[in-house]
Amino acid sequence: IRVGYPEVIYCAGKTVEQVRGIVEFMNTKNNNILATRATEEMFRAVKEVCGEAKYNSMAKIITIEKREIPKKDTYIAVVTAGTSDMPVAEEAAVTAEFLGNKVERIIDVGVAGIHRLFNKLEIIRGAKVIIVAAGMEGALASVVGGLVDKPIIAVPTSVGYGASFNGLAALLSMLNSCASGVSVVNIDNGFGAGYLASVINKL
Amino acid sequence: IRVGYPEVIYCAGKTVEQVRGIVEFMNTKNNNILATRATEEMFRAVKEVCGEAKYNSMAKIITIEKREIPKKDTYIAVVTAGTSDMPVAEEAAVTAEFLGNKVERIIDVGVAGIHRLFNKLEIIRGAKVIIVAAGMEGALASVVGGLVDKPIIAVPTSVGYGASFNGLAALLSMLNSCASGVSVVNIDNGFGAGYLASVINKL
Amino acid sequence: IRVGYPEVIYCAGKTVEQVRGIVEFMNTKNNNILATRATEEMFRAVKEVCGEAKYNSMAKIITIEKREIPKKDTYIAVVTAGTSDMPVAEEAAVTAEFLGNKVERIIDVGVAGIHRLFNKLEIIRGAKVIIVAAGMEGALASVVGGLVDKPIIAVPTSVGYGASFNGLAALLSMLNSCASGVSVVNIDNGFGAGYLASVINKL
Amino acid sequence: IRVGYPEVIYCAGKTVEQVRGIVEFMNTKNNNILATRATEEMFRAVKEVCGEAKYNSMAKIITIEKREIPKKDTYIAVVTAGTSDMPVAEEAAVTAEFLGNKVERIIDVGVAGIHRLFNKLEIIRGAKVIIVAAGMEGALASVVGGLVDKPIIAVPTSVGYGASFNGLAALLSMLNSCASGVSVVNIDNGFGAGYLASVINKL
Amino acid sequence: IRVGYPEVIYCAGKTVEQVRGIVEFMNTKNNNILATRATEEMFRAVKEVCGEAKYNSMAKIITIEKREIPKKDTYIAVVTAGTSDMPVAEEAAVTAEFLGNKVERIIDVGVAGIHRLFNKLEIIRGAKVIIVAAGMEGALASVVGGLVDKPIIAVPTSVGYGASFNGLAALLSMLNSCASGVSVVNIDNGFGAGYLASVINKL
Amino acid sequence: IRVGYPEVIYCAGKTVEQVRGIVEFMNTKNNNILATRATEEMFRAVKEVCGEAKYNSMAKIITIEKREIPKKDTYIAVVTAGTSDMPVAEEAAVTAEFLGNKVERIIDVGVAGIHRLFNKLEIIRGAKVIIVAAGMEGALASVVGGLVDKPIIAVPTSVGYGASFNGLAALLSMLNSCASGVSVVNIDNGFGAGYLASVINKL
Amino acid sequence: IRVGYPEVIYCAGKTVEQVRGIVEFMNTKNNNILATRATEEMFRAVKEVCGEAKYNSMAKIITIEKREIPKKDTYIAVVTAGTSDMPVAEEAAVTAEFLGNKVERIIDVGVAGIHRLFNKLEIIRGAKVIIVAAGMEGALASVVGGLVDKPIIAVPTSVGYGASFNGLAALLSMLNSCASGVSVVNIDNGFGAGYLASVINKL
Amino acid sequence: IRVGYPEVIYCAGKTVEQVRGIVEFMNTKNNNILATRATEEMFRAVKEVCGEAKYNSMAKIITIEKREIPKKDTYIAVVTAGTSDMPVAEEAAVTAEFLGNKVERIIDVGVAGIHRLFNKLEIIRGAKVIIVAAGMEGALASVVGGLVDKPIIAVPTSVGYGASFNGLAALLSMLNSCASGVSVVNIDNGFGAGYLASVINKL
C-alpha cells in the first residue's frame, strides 16, 4: 500500500461477506479506507464492524476516515454534462476529496445548452486539473478542452441508449478530441479519474 | 428521373470510359447533369463529349448546366469543423447549389476554437436548414444543434486516424447527439446531405 | 427552455421520486410538459402532484397540457414496418402532436408484404415530412425514400434478434440507403424523430 | 472431384505461374475447368497452355469447356440492385451457366426506383431459384423475398462506402430479412451463390 | 397470406393478451396456425380460445391444425451439433413438418466426436435439403457441406459464451465455409431455416 | 537472450538497412539467427554481410546457422487447410525446425474434402504437438482437436475475404472450439505457433 | 469417451433435471465424473442420486470420484491477477487436479503490484506448464510469458467493465502478447485451460 | 493561438502546396512553428520559404524556432516498448521539447524482457509525468503504472498485426489498466501525449 494513501476496495463482483471481511481486516490497521461500487447492503454490513463508516449513495462509495485528510490548496473541477452522469462524477469527486483534494462540482452543463457552460467558465479555468464526465456523444470534453489550458481527464459514461453502445460512442468521441490536453479513462471509471486528478493536483 | 431535378451520376467504381459514355448518352436529353466522386481524368474525358462541363476539384463534382437553375430565396448553411472536412462539405454545397439553392459556407469553426463559431452564429441561424460536416469526434453537430432551432443534417467525415475508425467515431457521436433536431447521413456523404437540405429548403 | 416549446423530461435512468419532483417543480410554471420513457409507476406518482397529467402507455409518454396546442395544417406521416415497432413510432407521433403537428399513422406496411405500403402511398406522399420506424433489416426506409420526394427521417428500432445486434443492422441499413432524402436518428429515438419532424413541418 | 462437375480454381492469392501450372495439370484430364477471381494476366498465361480457354472480364472467370454442358430446362434468376454489383452478379451467373443452368439476368432494379423491379416480376417469379446481389443497404433481397415464393440466395456486395463497412451493412440487412425464404452467402461470394443455385435448380 | 400456407405468428415481444387475441381472430378463418417463440403462459391463454392448440415446449411453438397437412415424399434432414442447439433445431423441424414436410432429426453429431456424424451420413445424404444448427464455432456446417451434395441451410445458434459473442462466431464461421452449397440464416432463426427448407423441398 | 535459442529478428516495419545492421551486429556473436517477415531484398542485403545466410521465400524467413542444431526425436505436425495457408504454416514449420525440432507437414487437408485428413490421421496422431493453420472458417482446428489427444496450437490465417474480416472469423471459430485441447495464437502468427510447439515438444 | 478420462458434463444451459438425469445414467458406469458450470441447486439434485458427489462452489464444479486418480509428479501453476479472476482459475485448477495433475495456485499477483509476482517466480518457473487467468487488460500473461520459458495458457476473464467489453480487452491483449510461448483459450474457459494443461503436463 | 505556444500544423491530408503556403503565411508572424505528420517532400518545400526549418525524420516533424524556447527544470519521461513504437514516441518527445520541456527517452523496455525496464526505473520515477508508447498488447503502460506514482499518459500505437486491429488491442488494454494513474490518448497520437505532458509538467 502506498504511504499516505487510503486503502482501496473495489466492491463490484465481491459478496457482502467478502467486503465486510476485508474492511474488518483493514480496520485493524490505522489507514483510511475507500470502498467503491458498494451497495447499500454492503454499507450496512460494513457499518456493523466499523461504526465510523459513511456512505455516499450517489457515488456508491463507503469511506472510513481514521486519520484526518489534509487538503491541497488548489482544486479539481468535476464537470458533468447531464444529471444521469452524476453517479460517475460523484465517484470521481468523492475519491478525489478522500485523497486530500478540494473539488468544485459544475453540473448539467452539457452542450445542448452551452450557455450554462459559459456561465461557469471562470471556476473551471481556476482549477489545476479538470474532470469531464459525459455520456451519449461526449462532446463536452472537447468543448471544455478547447476553452481551457489545463489537463482534462475525460470520463465517458455509459449513459445513453441505442448507438451509444454502453458508452462506446462517448469513449471514441473523447479519444478523437480535436482539442489538445484531453486524455481518457475507461467508461464509467470515476475512481480512476479522481485518482489521477489527485496525482496531478499534488504535483 | 424526377422532373426539374438534374440527372445524377455516382462515378466511384466506374471507369473513365463508363462515365464518358453515360454523359454522352444523357447529353442528348436536355437535362442538367451532376457527376459526383469524379476524378480529373474523368472530367477531361467528359469535356471531350460535352464542352460546357465544369469541374469543382475540391468537391470532385462535374456539372453540366443545360437549363438555367433558379435559386430559392432562403439559404442553406454548410458548416465545417476543419479544412480537411472541406471536400465533403463542398460536395454538399455544390450539390445543393446545383439543385437550386443558395448556400452559405462557414468553414473552420470546430470546437477546439469555439469563439470562431460564435462569430458566425447569426449567419448560421439565418439559414432554413444547416449541414454540419465534421470528422474526428464530430462534436460540432451537437454544439450547433444546441444553439440553433433549425433542422441540422450532420455529415460525419472520415477525417481522423486511430480510434476514429474512418469516421465511425464521428458517426456514433452525431447519432447520440444530446441536442434535438439533428439527423445523420452516411460517413462522407456530402451529396446526400446536400440533396436532403435542398428537399427541406424547398418545402 | 425554448419559447413555445414544452418542457421535456427524459425519464430513463431517473427514479420515480426524481420524476415526480421535476414535474412538481415545472408545474409551477405555465408550460406544457412532455415526459418520455416514463413507466406506469412514474405516471401514478406524477398524477398525484398534477391531476391533468395523461399517459400513453404504448409511447411511454406522460403529457401535461397547460396551454392549448395549436396545430399546423400540414401533417407528418409516421410509417412503421411491424407492430413491434409501434412503441417507437408512437413516441415519435405523440411527441410531434404535442409539439403542435397533425400526424398520420401508417402501420404494419413492412416490405415482407409490400402491397400494403402501396395502398397507403397517397397519404404518405401528402405529408410534409415522413418518419419511418423499422427494425430488423430496416429496408422500409429505403423503399419509402425511393417512392416519395419528401424528407424521410429514418428511426432504426431495436426490434429483432441475433445479427440485428439490437438495432445495429437497421441503423447501418438506413445510413446506407440508396434512396436520396433519407437521414437517420439514433436507434429507438422516437422522440428525436418526432422533434425533428416538427421542426421541419413548421418551416 | 464430384462427377459431372467442373474442376474449380480459386485464383485469388495465387500467382500467375501457379494458376497456369494448375490449369496445365488439370488439362490432361478431360474435365471442364472454371477459374474464378482470375486477372487478365492470368488468362493470357492460361491461354498459352490451353487454347480453348475463354475469359469473362466482368466476372473475372476463365472457363475451359472440354465437354459440352447440358442445360436444365428451369432457370435461375440473377437480380442486381445497381451496376456496381454486376461483377459479383456475373460471377454468380457465369458459374451457374457453366454448371449447366439457364440464367436470366435482371439488372439495375434497386429499391431507389422500385417500379423497375415490378416491370420484371414475371420473369423473376418464373425462376426456380433466385440470386439477389446488392450492396449498400441490401434492401433488394427483402423486397424480392416478399414478392416471390421461391428460394432466394442473397449475396451482399462490398459496394458502398462509409458505414457500409465493405459489405457488412448489406450482410446484416440480408441476415435480418423480414421476408421468409431468404438465405445468405459471404460478401461478394458470387461463386458460392451460383453454385448453390445450381444445386437447388437441379434437385 | 399465401394460399396453402399456415398463418404465422412471431410471439417474441408480444404480450400474452396480444397473442391470444391474434389467435382468436385468426381462428375464425379456416387456416392452420403456427406461433413461434411462444411461452407456456401464451400457450395456456391460446388453449382457452382454441381447444385444439398443441404446444412443443422445446421448439416453443404452438400449432393449430385445422386442415390436415399432406406430407411430401422427400425429406428434410435437421442436424445438430450439441444438445443445447436442440431448441433452435426443433423450431426448424416443427416448422418444416407443419408446412408439410417429413423431417429426419440427427442430433448431437458435433465435430468434437466426428465418428457420430459418419454413422449418420447415409440418412443425411438421403435428404433433399439439409439444415445444420450449431453454436460455438459452427464447424459442423462446413463438415456436412464437404460430405454432401445437397443444399445446406446453416443456422448459427447463440449457444456458447465468451468470444462466441452470442452466436457471432458461428455466424461468421458459416458465412466463410470453405464447402460449397452452404447458405446461412440469422442466429437462432430456426423458423427461417425450416421455412426455406420447405420451399426447397417442395420445388 | 535465452541460452541455446537463436537470436530472433522480427523484420516487419524495419528498413532493409536496419535488418542488415542488426544481423551484422549479431553476427559477431556465435549464435544462430532467425529473421521472420523478411523480404527478398532484405535477404540480399543480409547475404552481403553474412555469406551463410539462407532464405525460405514461402516462410519469408532468413536463417543463419552458426552452430549445428540438434533435433529432438519426437516431432511436431504442421497441418494446413489450403494452399493459401502455406506461408503461415511454413513460418511455423521453419521456426520449429530451426529451434531443433523435426516437423511433419500435412497440407491441404481442409474440411471441404475431409477424407484427405483421414488419410493422414496416423502421422498426425504420432506427433507430440500439432499446429493447425487455417483461414476462412477455421473449422479444421476443431476437427483435428476432436480426433487427436495431443495439444493443438491453432493459428488462424488471414486467408479469405468478405466476412472473414482478415482472419477474425477463423480466430473466433478456433477460440470457440468444441474440441478440448485447442489453444490459439494471433492471426498469421506462424512464428508464435512454431516457438510454442518447440517449447512443448522439448518438455 | 477417452479411456482414463472422466466423463465431462457442461451444465450451462441445461436444466437441473437434465443434469441429474445425465449423472444418474453415467453413474451406472464406473467412470469418474466432472460437471462444470454447475449451480448449488444442481449439486443438491445430483447428491440425491449419487451420494459421493462433491461440490466446489468457487469453481462451480461437481466431482464424482469413482476410481482413485493417480497424480503426475510434475505440476501445473495456476496464476491469477486478482481475486475476481478466482472462479475461472479454480475451474482450471479443479479440472486439472481431477484429470490427475498436481496444481500450485499463485493468486493476486496482478501487474498493479508486480513485486508480488516476483516473490512467486520460483514456484511458477518450477511448473511444467502455466495457466494465467486475468481480466481487465490481461497484461499478466505477457509479463509471466516474458519471465518464464514454459508453455503459458492464457485465459482471459470477463472481469472488468466498460471498455473491457466482457473480456474482449483481455482476450485481444493476450493474443497480441509480445512474449513468446503464450497461447490463448476462450474468455472464462477455465475448463479448457485445465484440460489442455493436463494434456501437456502428461506428455 | 495560445500565447507562448507555437503555432501547430497537422500535415496529414494536406498537400505539399498547402503546407508550404500555411508556413509561409505564419512565418510573417514571430511565432515558433511545429508541423506534425510531415513528409520529407513537405519539409523540402517548407525549407524553400523558411531557411531555418528543421526536420526530424523519425518523428516526421518540422520545427521552426523563431524565439528561443526556455526549458522547465523538471522532465518528462518517454518510455517505449519496442523499436517500432519509436516514431510515435519521437512525435511525443519532439513535441514536448519544442513546447519547452526536458525529455528523457527510455526505449525498448517492453514486458517481454522486463529486466530492461527495471534497470531504468530510477530515471522513470524521477520524471514529473510519464508517456508510455506501446503497440501489440500495450501491457507496458500497466506495468509502469504499477511501479510509479506519477501521471502516466498511455499512447497505444498501431504496431502489430492480426488481432491487434491497428492498435485497438493496445488501446483497450490501456483503458482497462488495473494500475491507477493511467489515462489514454488516441492510437498513434504522439503529439497529443507530448502536448498534455507539457501542460502537466508546467503546472
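In this document, chain identifiers A, B, C, D, E, F, G and H correspond to the written order of the chains, with residue numbering beginning at 1 in each.
Operating definition for what follows: a contact is a pair of C-beta atoms (placed from the backbone, for glycine too) under 8 Å apart; a residue touches a chain by one contact, two chains touch by 3 or more.
A quick note: this is a predicted structure, and the numbers were derived from the prediction, not measured.
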Longest centre-to-centre distance from subunit E, chain (CA-based): H
Selected from F-G, A-B or F-H, interface repeating G-H by over half of its contact pairs: A-B
Centre-of-Cα separation between subunit G and subunit A, whole angstrom: 35
Geometric centre distance via CA averages, subunit E-subunit D, whole Å: 27
Separation of subunit C from subunit G, taking each centre as the mean of its C-alpha atoms, in whole Å: 50
Multi-chain contact residues (two or more partners), subunit A: 162-164, 168, 171, 175-176, 180, 186-187
Full enumeration of touching chain pairs: A-B, A-C, A-G, A-H, B-C, B-D, B-H, C-D, C-E, D-E, D-F, E-F, E-G, F-G, F-H, G-H
Contact footprint of subunit C on subunit B as seen in their complex: 2, 128-129, 149-151, 153, 171, 175-176, 180-186, 192, 195-196, 199-200, 203
Touching residues on subunit F, where the partner in the complex is subunit D: 83-84, 159, 161-164
Subunit F-touching residues of subunit E, taken from the complex the two chains share: 81-82, 110-114, 136-139, 142-143, 145-147, 160, 162-165, 168-170, 172-180
Interface residues, subunit A side, partner subunit G - complex: 12-14, 156, 158, 166-168, 171, 186-189
